[in-house]
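Shared chain: chain A. Partners: chain B in the first complex, chain C in the second.
Let's look at the complex of A and B:
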């Protein structure tokens, strides 16, 4: 600009600004343009950021950590099944006393069994230790975890005990000071240093009176300490606690102690009911046990005091066996009768099993480590049996009438009653009489809902879950020690394929998706042909007279009427007046089980159809108006009738525009809630719609209902349902757009 | 002075009698009396807005598309008035085709552009042959024979206009109306269309509106000169053999117009 030659004024009295004034004037105009541009950018930013905020909100609620408390531990149920199998295998001796087991194997050349490695060390002249999967248990393989059956040994106590029983408190301090140097003499291995430090820290927290910082440690001399200490529990831990208690006495403890080997479960039960100061356990405490403890005012504290490498032993006369694999162990303790069934090289003699009893943590550990079952993978028979032992017969009968478990056998109901019930006329017969029997998966789901009853007690949003993972873990552990923390995607395959449920954990949107699809199908079927037809009449045929102008104005106004009013219209016309038609009664299509009156899919579809009809008409008119008149003239000038001209030339040209308008209108209908509430969408429905005369619910209705529930988890599934709704909208739109583009390229 | 409205030899293809055309209450043309000679080219000339297009559209009832338009008087075609109530405009347009100022092919293939009119009018013969023949007559065949399945819009403006002509002659009309068919085209394309029109007059009666006096002088056999009055209603000033009208105009206005002194 600056190096431009000044344009000489042609006349002194030009009516335009010149020179400096021209420059200023142009600059001013540029500035105006810039201001507008900034304004538009700001508008765009506002639009984008509100969309992002919306999306963020939805995603934030759809994923994140949850704390789940199971009424019954599913792993426990699965282990029960396996343990029952192991215990019921022929030639199996079981005892809570590991000495008995060790003696049994020592006197039986075909004996095999398992227990804490300390018991092997004590009897290593008569017993033979087996390698598992090629690894021998020893301090190294236990510390590295290379030996597959390595497990921690625990001592449980409670704040209340440590505060009230000084003898017990000081014993624990003594134990933590000395266990690492003593443990090898018993035959076990030290805990990891992290577990050891955590145990010390826990003891320090229970003794705030000492005024020690975390990381510091103190060892207290038990000199002259009086009182009584009672330890109950695992036979595996027993030798270790016994040894430590004796050492404690030697170090100056002047009181008494009792130590009983009754099994981990029994020990924990005794401790939780206040009968003991410590529970020794060869497995972690379970959620149900924590619950029982807390109910007695005992908040269990966990101390890992050592590590065991579960020993698999045989009689030392047994020259054939030196090592076993996990698979072989599975056979040895359940299915196999003789050794050579497991391995051809082994003797053809009957296997004699010596195993810990049902109360023992060792059996639990063995079952879990060797059989590695999960509840979901158990066969249907086992699941049905678990269900039968864990629910009342009455409930079982109800479930069986809903859907039976086996084609030809009854589980809960007696055959006579069943035949009587199923002889009833078609309408009153329970669904179980005809429905296919439940599959393994369905029984599993039932077990989950009826027995395990997972309860989400706390949810964290996605942002929190990603940023504050450790804080969440500590908080959850403190608030819900028996809770299980998992990352939950509320949007899952199950969520999409499951029907509605009153428990958010089990609720899905399948019924609502089908409902939405059906309703939209009816909506399009009704509004598209009528809307486009009306638009063609108004645009192509209607004379410009007063009647048509009034019609046009009314249609434009209808587009702005609040949707709830369409709902009231739909209720009055489709549900009430046309009930015979919309309930399907005229066609004999009434579903006997659920009389929907007129509150059916077809009523909803027609109502939404009315709602979007003005939009479709107006959009289609717009599209028709955009078709150049020269096209109509061209057709007519060839001797075409007006209809031929419209059908062959005007409509194809307008179709992309008409479809675009229809897509927008239908998108609106998919998201409508208010009119459907008025028309009478079902609030709770688990049966998929089977046709236009079914009761229904739709995704937005479902979302609306979930958001109005007080429990937090409903907000999460509502958010997940919103994602489903958005995905459905996007895919419907995308397919409509693809269709439209294909059409408009084909007609060239 | 009464304008000359007759020609020496040959028959009349269509005739306007006492014709008035109104748009609402506005009379656009008045008292038109005009006989169009069969298988000749008749040019309609006159200043802009004098009603040439209005008159032309009256001949095949294209004015029906304008809601406010109303035609009084008669247009006689094969002895009957095309504005009689029992006459179907569809049939009239089938016989009297039209080519517009701006090329307006259908958004279909070149082949379909030509075939469609014939098909809807119940053509029973060999369609491929008809399409080829029409395109040949429109002097377009050589240029499009390899791309018949491409869109009509893929052609140049001049080609599009020839396609529109091919489309029109495919339904075998008697008369072809052309409203300034070359005004949107360049000089070369214009010349090609003019040559084409000369060919077409062997088979068809052609009425062409043009504001280009050279074109009228070059390409037409007869010329009708329109003008408008103070009330802006157009009227026919003079009709004659083109040679005669341009060399020896009877009316002073005609002379003024063709010598470029107004218009």
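Let's look at the complex of A and C:
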């Protein structure tokens, strides 16, 4: 701005505006200032929001719904145990034919049993129906669900059957048309209207040729229809299907039908293998059975045709019993031998039990409803027995050698072989010889891993799991009909205490946590004394000469060297050149089985030690510099030598600063990944490190490896491991703050 | 220094107490010596780094790789003969070529039709007799010009052109700078010039938390958050699962705290008087910040930028996880520059990413792959060293002015 010209025409050329223009200019400048200020704030907010996004992302992946497909249903295993107990109780008669049971109880004044209520209705002169928990089974209590043992009755068929066998197809139409008016005569109760409508809809979808819309219904007359219909299955459903088939014949069906009562399981098996058109079942089809059906090209369709209230009946002459509770039922069918053991008011006579057989859906239902056992709560003996029946003896032996099941008994191993194996010298002896026997929880975990083998087939993130719960449920049901949807926290106690595993469902970070702790221990041991020593030298002793200036510059430059370069230094020096030392060979510490070469904890620790050494030195130097000079002078003036001054005066007052700086440097080392990958962290180890010469893995390495895997579940465990790592760092930093506060208050 | 009789003065002729010269203290000398060794260790670290990187790089450039010429000798030879009769097949040899027959190394001296004259038993090998039909291997070494001028890095084929790796590093660093510099500097200006003490003490720790998060976590963040975000914005067809853009942006985020805290320090070091003078002249806060304080702190801010670049170049885990697992080899003139070579949405392996991937696998220490990693390391080390020295120079400039 050239203002040297004398008195120019002010209104035209002056660079200084006036009046309105000045006001505008000031306003504009302020608006500009505001805009930029907002820009600055926005920049900071972006930085902060990326931190939030990062944390949110981790949480999002650590928790959420998962769809799990079990190879074996754990509930099934638990029921097997209970059913075995019930069936093996003394004075128990079991049969797949409910008529036999009804007759048995009718002829035995101490008899008790359970079956579909239709069988009671047929024999109600000789049998007595018991109320359960104060509720009698009837149409009302069954419909409202008040009676505890209410269950749906199903007919299963497949698209292929309905298309190829018109007799069966029309029978189903006839059945769905008339079952509600006929069911009372058999003794069962109608299905809920929703289930009934769903069944009709399913039939319509299987018959697209009719061109009907959903909600519409057609009843087809079976007049003159020929063909064969085969129904196999539950003895409970049998009276109903039999009645409906007879009605169907009366209505004009000209063909033949077969109806067999063999139990739900056997019926479904026969249906799935193509030996029947319909399977009658008193329980829903299981995932394994769906699988078996699909393998035979049959995709089961479910039709609920009625509702049963499981009848608990005794002989008509049994005057003592009118009602039972669920707990009493548990005792009656397993532990109790006489009536008065259950209830003192009841007679002191032996209980005679009449129950459906192992193939029956009724027994499954009873066991599930009355005993309500879960696999996890079963005693250890039962779990071991389940394991023994479900895995090969070879695998069992291997597991037993790893860790025994019982202190004094062997499950899989032959005692002679066991003694022979355990007589081997210490290094070759299997760990099972000395380790404590497995606990109930450990056996349960083993059962999960070996038998049930849950496979996570789909994961949902936390946000979706919280907001779209219903959508997830429907999608999962559609995509994985035999999958089970549960909310899973990938970060769990098991995750922290389990060693690494190749299946993400069972993987844990214990090995990695121990590895991290060991490496950091070596790092601190190496770099803290040396770092502080170097700082003392540079701050207290070093004269301002060329060598010391080079030292200082060098340290500053080292702090800026990328960490991966330190990894290469560690690889070349510690792993290769000093292999004899770092592998422990020089100390005779090498185990014959674990040949880690130089890729050991000590190599990793020393590498990280070199890496954080400059940081520790610089931080310690700053702390020393902050100590007032008067302190040193006072010490020296009293006749203390230089070292005495440093040791007794300078160091104590610089200690909080030194510790804080060291802890910050150590937290950097804990999070380092690249140098350890280069030095040679193990990619897969399940054994905890036992000393400085062991192979190792660390938490960040684990996170890196899991993140690099393509399967989604590995991302989830990587996220969980990140939470563990961040928690570790957080606690370390918190301890730095506490330490600093403690020391600084003390020194004042 | 206790005296038996307090009445006696400290200076007594017999006790020699008046001798105030420094007495040798062996213990303290040891301590001082130890402390000095601690200090000198850092020099050894640097020397170690330089020594390892250069020797291994030298090994990389001198290591003989034997390439089969498919050229057999057609007559048996004794240890003394120096003329080999060779077949027509295979690659042709030239003088001075180093060849190997079985275990024995020879140097080609002259070549005639179907015969070559060689020096036997070179490179500490012993001349032995060979039978007809044995094929000649020719020695091949990687040359420096080859690494600089070629554009393919395929160790299995003996191709070591540094450009794919170097370009990927430069690209991720550039993207990181585009993110970190504006955001970091703007945050620094806000924190230093605008924010009240209360706001500052609230926001600054958050940036420090960001700085304290391990880089592998940022790698996870890049892969599971940034990449899906980019893919949803630009289309899954255009953005590969592994890409330099996502890695670069996250490296940028990771560096923001560094840029912001170093810049803030520089801005803070500008004397208050400068600001007050500007206000006195009627400048607004923005004008003071941008036109007075910022130029005054320029050397410090430049130092922050340079350190940030060095950090971005050396950053490993984010690019190892998110940028790609394989060098993006290209051919000049054939591959489109913007569509392929410099396309940030494609996967590319950086120098650091390559080192981590190769050394994480089962690598033999006696292989050209192993040596090649150290030559990459040497390049990386030199780049960051130059940048760090530059940064130090800039820092010392603003220190001189204001302190």
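Throughout what follows, the second predicted complex is superposed on the first by the 635 of 748 C-alpha atoms of A that agree within 3 Å, B and C clash if a C-alpha of one lies under 4 Å from a C-alpha of the other, contacts with A are read in each partner's own complex, and residues count from 1 in each chain.
We adopt the following convention: contacts are C-beta pairs under 8 Å (C-beta built on N, C-alpha and C of every residue); 3 or more make two chains touch, one makes a residue touch a chain.
All figures in this text were calculated on a predicted structure; none of them were measured in a lab.
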Message: For A:571, using the defined touch cut-off, is the partner it touches chain B, chain C, both, or neither? Pick first, second, both or neither.
response: second
- request: In the overlay, work out which of chain B or chain C sits against more residues of chain A.
  value: C
Query: After superposition on the shared chain, which partner residues are touched by A:543: those of chain B (first), chain C (second), both, or neither?
result: first
Query: Who does A:603 touch here: chain B (first), chain C (second), both, or neither?
result: neither
Query: Can A:641 be said to touch chain B (first), chain C (second), both, or neither?
result: both
Message: Looking at A:632 after the superposition, I want to know if it touches chain B, chain C, both of them or none. Which is it: first, second, both, neither?
response: first
Message: By the touch definition at the top of the document, which applies to A:653: first (chain B), second (chain C), both, or neither?
response: first
Which superposed partner A:95 touches (first chain B, second chain C, both, neither): neither
On chain A, the residue positions that both chain B and chain C contact, one per complex: 639, 641
Message: So in the complex, the part of chain C that touches chain A is made up of which residues?
response: 1, 25, 27-28, 31-32, 34-43, 45-46, 48-49, 52-53, 56, 182-187, 189-191, 194, 203, 206-207, 209-210, 212-221, 223-225, 253, 256-257, 260, 284-287, 290, 307, 310-311, 313-317, 320-321, 352, 355-356, 359-360, 365, 373-374, 377, 380-381, 384-385, 387-389, 391-392
Query: What part of chain A is in contact with chain B in the complex they form?
result: 543-544, 628-641, 644, 648-649, 652-653, 747-748
Query: Once bound in the complex, which stretches of chain A touch chain C?
result: 29-30, 32-33, 36-37, 39-44, 46-48, 50-51, 53-54, 57-58, 61, 529-531, 533-534, 536-538, 541-542, 548, 550-551, 553-558, 560-569, 571-573, 576, 610, 613-614, 617, 639, 641-643, 667, 670-674, 677-678, 680, 683, 700, 703-704, 707-708, 715, 718-719, 722, 725-726, 729, 733
Chain B to chain A touching residues, read off their complex: 60, 62, 65, 67, 90-91, 93-95, 97-98, 100, 102, 104-109, 116-117, 120-121, 150-151, 153, 164, 167-168, 171
